[in-house]
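Shown next, in structure tokens, is the structure this report addresses.
As written, the chain order gives the labels A, B, C, D, E and F, with residue 1 at the start of each chain.
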Amino acid sequence: MATASDRYWVKDLKPGTELDELFVVRSKDVRQRRGGGPYLALTLGDRTGEVTGLVWENVERLGKLCEVGQVLRIRGQVQRYNQRLQVVVRGAEPVPAGEVDEALFVRSSEIDPDILWQRLIALVEKVSDPHLKQLLFRVFSDPEVAQRLKVAPAARGMHHAFRSGLLEHTVSMATSARALARHYRLHEDMVVTGALLHDLGKIWELEIDASIEYTDDGRLLGHLAMEVLYVERTIAELGSFPGEHRRHLLHILLSHHGEYEFGSPRRPKTPEALLVHMADNLDSKMAGMLEAIGSGGDDEDAWSEFSRILDRHVYRRRLPAPDNGSTGS
Amino acid sequence: MATASDRYWVKDLKPGTELDELFVVRSKDVRQRRGGGPYLALTLGDRTGEVTGLVWENVERLGKLCEVGQVLRIRGQVQRYNQRLQVVVRGAEPVPAGEVDEALFVRSSEIDPDILWQRLIALVEKVSDPHLKQLLFRVFSDPEVAQRLKVAPAARGMHHAFRSGLLEHTVSMATSARALARHYRLHEDMVVTGALLHDLGKIWELEIDASIEYTDDGRLLGHLAMEVLYVERTIAELGSFPGEHRRHLLHILLSHHGEYEFGSPRRPKTPEALLVHMADNLDSKMAGMLEAIGSGGDDEDAWSEFSRILDRHVYRRRLPAPDNGSTGS
Amino acid sequence: MATASDRYWVKDLKPGTELDELFVVRSKDVRQRRGGGPYLALTLGDRTGEVTGLVWENVERLGKLCEVGQVLRIRGQVQRYNQRLQVVVRGAEPVPAGEVDEALFVRSSEIDPDILWQRLIALVEKVSDPHLKQLLFRVFSDPEVAQRLKVAPAARGMHHAFRSGLLEHTVSMATSARALARHYRLHEDMVVTGALLHDLGKIWELEIDASIEYTDDGRLLGHLAMEVLYVERTIAELGSFPGEHRRHLLHILLSHHGEYEFGSPRRPKTPEALLVHMADNLDSKMAGMLEAIGSGGDDEDAWSEFSRILDRHVYRRRLPAPDNGSTGS
Amino acid sequence: MATASDRYWVKDLKPGTELDELFVVRSKDVRQRRGGGPYLALTLGDRTGEVTGLVWENVERLGKLCEVGQVLRIRGQVQRYNQRLQVVVRGAEPVPAGEVDEALFVRSSEIDPDILWQRLIALVEKVSDPHLKQLLFRVFSDPEVAQRLKVAPAARGMHHAFRSGLLEHTVSMATSARALARHYRLHEDMVVTGALLHDLGKIWELEIDASIEYTDDGRLLGHLAMEVLYVERTIAELGSFPGEHRRHLLHILLSHHGEYEFGSPRRPKTPEALLVHMADNLDSKMAGMLEAIGSGGDDEDAWSEFSRILDRHVYRRRLPAPDNGSTGS
Amino acid sequence: MATASDRYWVKDLKPGTELDELFVVRSKDVRQRRGGGPYLALTLGDRTGEVTGLVWENVERLGKLCEVGQVLRIRGQVQRYNQRLQVVVRGAEPVPAGEVDEALFVRSSEIDPDILWQRLIALVEKVSDPHLKQLLFRVFSDPEVAQRLKVAPAARGMHHAFRSGLLEHTVSMATSARALARHYRLHEDMVVTGALLHDLGKIWELEIDASIEYTDDGRLLGHLAMEVLYVERTIAELGSFPGEHRRHLLHILLSHHGEYEFGSPRRPKTPEALLVHMADNLDSKMAGMLEAIGSGGDDEDAWSEFSRILDRHVYRRRLPAPDNGSTGS
Amino acid sequence: MATASDRYWVKDLKPGTELDELFVVRSKDVRQRRGGGPYLALTLGDRTGEVTGLVWENVERLGKLCEVGQVLRIRGQVQRYNQRLQVVVRGAEPVPAGEVDEALFVRSSEIDPDILWQRLIALVEKVSDPHLKQLLFRVFSDPEVAQRLKVAPAARGMHHAFRSGLLEHTVSMATSARALARHYRLHEDMVVTGALLHDLGKIWELEIDASIEYTDDGRLLGHLAMEVLYVERTIAELGSFPGEHRRHLLHILLSHHGEYEFGSPRRPKTPEALLVHMADNLDSKMAGMLEAIGSGGDDEDAWSEFSRILDRHVYRRRLPAPDNGSTGS
């Protein structure tokens, strides 16, 4: 089975390269040649990105092979056109579904979702408050939640917009929120609970497939309302959840976007709600900035592509860490 | 029992008038006289407004009588001080609770709440869609809802900020929304249902007593979330409510403030949601403007007091309706 | 003469269709073929929309026939290119001007302008106030006004951006404004007068031809100023128009965009001005939303194209009206 | 007759001073003494400012003398109370209207209005374009315009909020606009014409009396619309005014606030309109800043009172001009 | 010497209490009694707050004792007036400067400034990068910096607006920023350096005395520019500071307010700058919220006074920490 | 050597023209022909603008000649494609660097930079204040400053975005600022000094080459900080510069963008700072408007291309100056 070890990734393509590599077909378009006759314009992808593929010859035969979602062994040459790369395809052979590792072709978190899940469960286990702990166990032992959360992205673009991105964001943000809760002597358990549930509704707001799209409920109700309804239902099932706990927790969920103009019907009015909002904001923007630094463009460019979440270009030159390794340890 | 017929209302007080009239005590403050000794500063009210009452003599005896909420027969003189009226109280006698009509002392809708309630029920009865009709009957036959809705105000200030103001606003706005739904050929039943439920959460958001105040849940969760949770719970009880109906209805509730910056976590994405939002907005602002025209200041002033909901002064001179009565018929 | 009955409308084109149909030429471009030699890129239209037409053969001969505004009988095939449809033209014959019904080729209101005009006159006739009635008759009996208003669009894009769109918007909005004026017991005649005149200046602000464009006066003075100047001039001609009527009416025109940032030099300070503004706003946005639902994309798409006036996508799934027909009756 | 030469001005009052000076009564209030009995609270003014006057004795007799608008000879002592000065009045005698110079008691431009008027006429006379020159002569030879313009303020607060302030602002701003028009090689005559007419409507927007207030037309129509209507009417009388001149000029008036949010229904789209807007803005803000520096507080304070037009405090320490007099020459 | 142990603090005053306690005079005003004669209005304070003191008797003698800054032994009674407390002073004796602990009377950090300073130095010592470490030592060994930083407040209001508030904020924020830098694998040393210097200019921007006021340089240049100039000068003295280090560090200082509208001439374009900005924002808002919860009003009030930095009231009811002490450990 | 006298400028190209003219290559792209084989897409420019050039024949040979920066003698035909002009190149010959006047190919100020420099020096020489004069001489006698300032643009787009544009803007704006300073009796020398230095940092913020780009320091520090640091350093070298002069001058630089949201860390708090800001704003916008009028589109178009700095289209029809030449003299 084809593996990642010696692959020519999309992100590493260079003009002039002769390719013989596997890609998944993300879209297919039969177009009219100016000189007469049809040609194929494909979007070829792997988990590191996408590139246009053009088929000028054997259009009919190849057109039949190239269904969206199909993995193909592509032979051809990389060329630069209008500042962007494209692959002129000379040959393409379908690869049977059983013979490929699908993980090569879906953009996803760099951390294994099972490891992320273990970290999440570890965070739950450290919660001392029995009511919050019981609620979290009830939520995360719901098989639908577990199944969806392991694959859900955190957004369509902006940040963590990839498979398991929501889980990665949730774990990272809950971890730093817990540390900050301790620093400011807040109610750690409530902060962790709010952090773990603050974006839960996204498992029903977004669908990840060939691309990430909003669901109808996502557009009409939004993740904030869906997670509030879900948590309320779960609390009702528990029976004995204290009213003041419920009020604090629902307030965190209803205010976690921080300001009305970002879709929060409430603004944070408790220290725990303020912290969940700000740790969420930090994790999202930091991830967006680090993704901008790591992706796109030539490695020698001092500046990243334009980052939409930050509305700016990002400086990519990093200072070296000092020898004794104080950084990143 | 004292009645409204020949009463000297707060809104009609004039400098120089000698009073002998009933008022309720809204607040009481014992203050230090500059020349030594205490005096009493009262807020006296009836359903048309409030005025300061000052007690310079017999402070000790009167201070004991003047509890907040007590109705008193007040003798004294109206004076102007710093552009505002005040009553210099010469005598005050308590009136037993059973001998007064409380309705004289609470600012409230000019329409009887029972009549408003009949109008609301009439609107429900005209709904044809069986699911929506059943839901509305379930909601409005909940005794807690009925009892609270009959007295709840629609706001702390701004518009309809008085007893039964929420019911008055709901009925007025649902009536005009239904007419507009017909004009634009929308789903009338969904519009009426959304209109009747759009502010329901305010029965738990505000408390009316001597004054109107937010509840803790009102501040931390808000009426929008509370009515969404209540409607969801009622739908769950009904069992057979269609999913697409639920989605349309919850979307109306979640988007009825129209824009994120006004606390809507969603913006209207269906014609019915757009209409409910805009009819709500119109009814609120129109009521605010008409209240501004009707209240405060001298009748001959061409301009109203500053209206906070409209952020402006309002022109009070109305054109006369033409003879043939096309207006207001 | 060609009629609408059995026509293949632009909005109904599908990939693969073989066409033999009339279209008007909206634009023509001679382009350079990549392989050498010229080709023609046309914009072909009818009253339901526009589509690109490409001429690869007989370019010289066809190029001479294809003047902008000319109606052609087109033979060719519909193809999909880059998610959009285009017609590859094999043959084109000019159709003499006298043999075609021009109404087939101009996007226009679905309601006959003469019917809209009758509705407008009916609204005028119901005005009771003699001064306002006389003013309205004077305005709408001005032949220039009548001629322009019957064809003028209400906007370049956004809403009612088609022939007679201004008249459709004016009549719809004045009708609902009158109903709301009665609901809120305002001066109906002033509301109707303001509603009928609120966008009159657009007959000089926009020019409709092959496309809708702003006039120089439209850009430099704007419809608001032009209608204020026109109404003032007409009032001066009437001689006996009461000053307080003039003040109320001019205020409505000067404030009908509601807020400074939308180009209103005044904000509404009378209930009538507030109502005209809000009914205008409602009619514009509702029309924009209903146009978005009705146009573009596949019928099965749950979501409309992006609507610029609403700055969002619109949910296209409508609930069925209940059996007993309460909706739309 | 009392003159300005040796007067004790309001702006120069100091705690402890024994006064025997003329002031005009701007407002009068009979208040209730805490210890019983009435006292008088007056606002006393002259053209440099206002101060509170308190009458504790002979209240009844003095109360009759102190009508608003009456000039009184006041004897009393200046005291500081709550960081503000007040005059404790021991005696007051009315001064007959014929015996006082009214100019002492009205805040007004430091430049004589007749001199300002001459400067305005000089600006008109330098206009070469015959159409613009004729228009300006027609406008400024209208006796109502001349009479009102000589006394009108430019605002209620903010800047030039005093008698003849509008004329001072108009002349200053037209002078600098003409210089800038020459610098940028624009149409000087159009710039000067626009500058001289840009605020003309304020002569009907504001009323100056004891205080400066908006007129009803000022609030409902605004100066911008009123001057556009007036200029249009005057152009119609002239008969031969070229259409392109009219379009340029009306555009300047309609866009002179620069942005929609400041009440301009158009934004400047010609260099002449841009210049009139920006010269107006500069003159207003600079006047506001210089007034803030010159007024209020102790001369040694480094910072002015809070300036509302600039939304900030202003630094009052000026650098000395160098010896050779390059500054201010 | 009077100590804090058994003191009756301003924050603990209750109506009716008979006082015999030390306070400092923060302001003094001689006012005119309505019934004739003067009285004294004092502002009395200690490090927990301020209260009004009124002197009705022996005004002349006590007026001479009560200089601003003087500590007095006050005898009198606490009363409530207009919802606020005041002290009616019956007697007052001056306390010699040497006999009082000044720390009782200045609002200041609850942590000893020397302990804060040790924490700051500890943060510096953990920096590994030699250039950054040398720079920090140079800055914090400047005696002027050390002396000013130990007492400087972080703001006039909002948050940390008390003696040593800047140091408390700097240490708290640098500590959490370092933890977050490690979490996101950023350059810890640069983050700590930026955090320690980000508000340094405030030692020249604010003056703390009886109250906290801006300096002239604070208003005209601002702390951001002043610290940039100071760091640049210190870097120039060091000689060998690498250019890329300087660029990163100056960028952090120039962008630490995050957005243009908060006075940042740059927005964060490196992860380190983004983190310093967001950790600063978090520490400021969290401190503001915790101060709001801890101060003002009755302990039983569920809601704090209005918090200006957060533009809202804050919910004061805290959840109890679970038994096993996971919170705050 | 080729000169400007009889040149066919890019801005004057018309469809159908047969060209034989010199152009510089601004970019080069080898593209894939749809019909197979490569072709060249060039950007050809001179100092008046840019046009696309397409090479269909002899691609290999010409591809080698066409390096970016090379001047070529181009033979070919101008054609219109998609509303834009392009040149179909039939032949191209390189022109040796020594044989061409480079000034023909770089967009630059229409005024000779040496003349602009003389005007700047003349402005410096008229400064009377010895400290400011000395500072200005020190700055402009720095060879790096002189060399960079003569070529630097004032922006990447918007206004003065060409060689020597910064110098042109500086001189124009300082000239008008001085006239306005005299009009308002401000400190002329400080205004001129602030005006001459207000954008100095742009010589390090932007790099002009084939195109105009930001430097790394430009993005991370910005011109405002860079000029403040430079001026501070120069002041330190002078030794005797008075503190109050420094404070006023640095304040002008730190506030010259006028508002926080435009990147000013301070807002103008002195009249001189306010004037420098507003004269800068006027010069920038006026230049942007005049550039929009002068460039692009057909001369007969009444409206300019969309101007980004003004966010609007500009009216291009100018009124004729009256006969006696009052305009522009």
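Brief remarks on what is shown
Convention: a residue touches a chain if its C-beta (ideal position, glycine included) is under 8 Å from a C-beta of that chain, and two chains touch if they have at least 3 such contacts.
If you're wondering where the values come from, they're calculated on a predicted model, not measured in any experiment.
Under the contact definition, chain A and chain E share the contacting chains B, F. Farthest chain from chain E (centres taken as the mean of C-alpha atoms): C.
Legend: contact pairs of D-E compared by residue number with C-F, A-E or A-B; the interface matching in over half of them is C-F. Set side by side, C-D and B-E show the greater C-beta contact count at C-D.
Chain centres here are Cα means. That of chain D falls 42 Å from that of chain F.
Put simply, the C-alpha centre of chain E and that of chain F have 48 angstrom between them. Centre-to-centre, using mean CA coordinates, chain A is 43 Å away from chain F. Rounded to a whole number, the gap between the C-alpha centres of chain C and chain E is 62 angstrom. Across the assembly, chain C contributes residues 34-35, 216, 219-220, 248, 251, 269-270, 313, 315, 317 that each touch 2 or more other chains.
Chains that are in contact with each other form these pairs: A-B, A-C, A-E, A-F, B-C, B-D, B-E, C-D, C-F, D-E, D-F, E-F. Interface of chain E with chain B (complex): residues 33-35, 39, 54, 56, 79-83, 86, 88, 302-303, 313, 315, 317. Against chain B, in their complex, chain A makes its touches with residues 216-217, 219-222, 224-225, 228-229, 232, 247-248, 250-251, 254, 260-266, 269-270. Chain contact summary for the complex, chain A toward chain C: residues 29-32, 34-36, 216, 219-220.
By the touch criterion given at the top, residues 126-130, 172, 175-176, 179-190, 244-245, 248, 251, 267, 269-271, 274-275, 278, 281-282, 285-286, 289-290, 293, 312-315, 317-319, 321-329 of chain C touch chain B in their complex.
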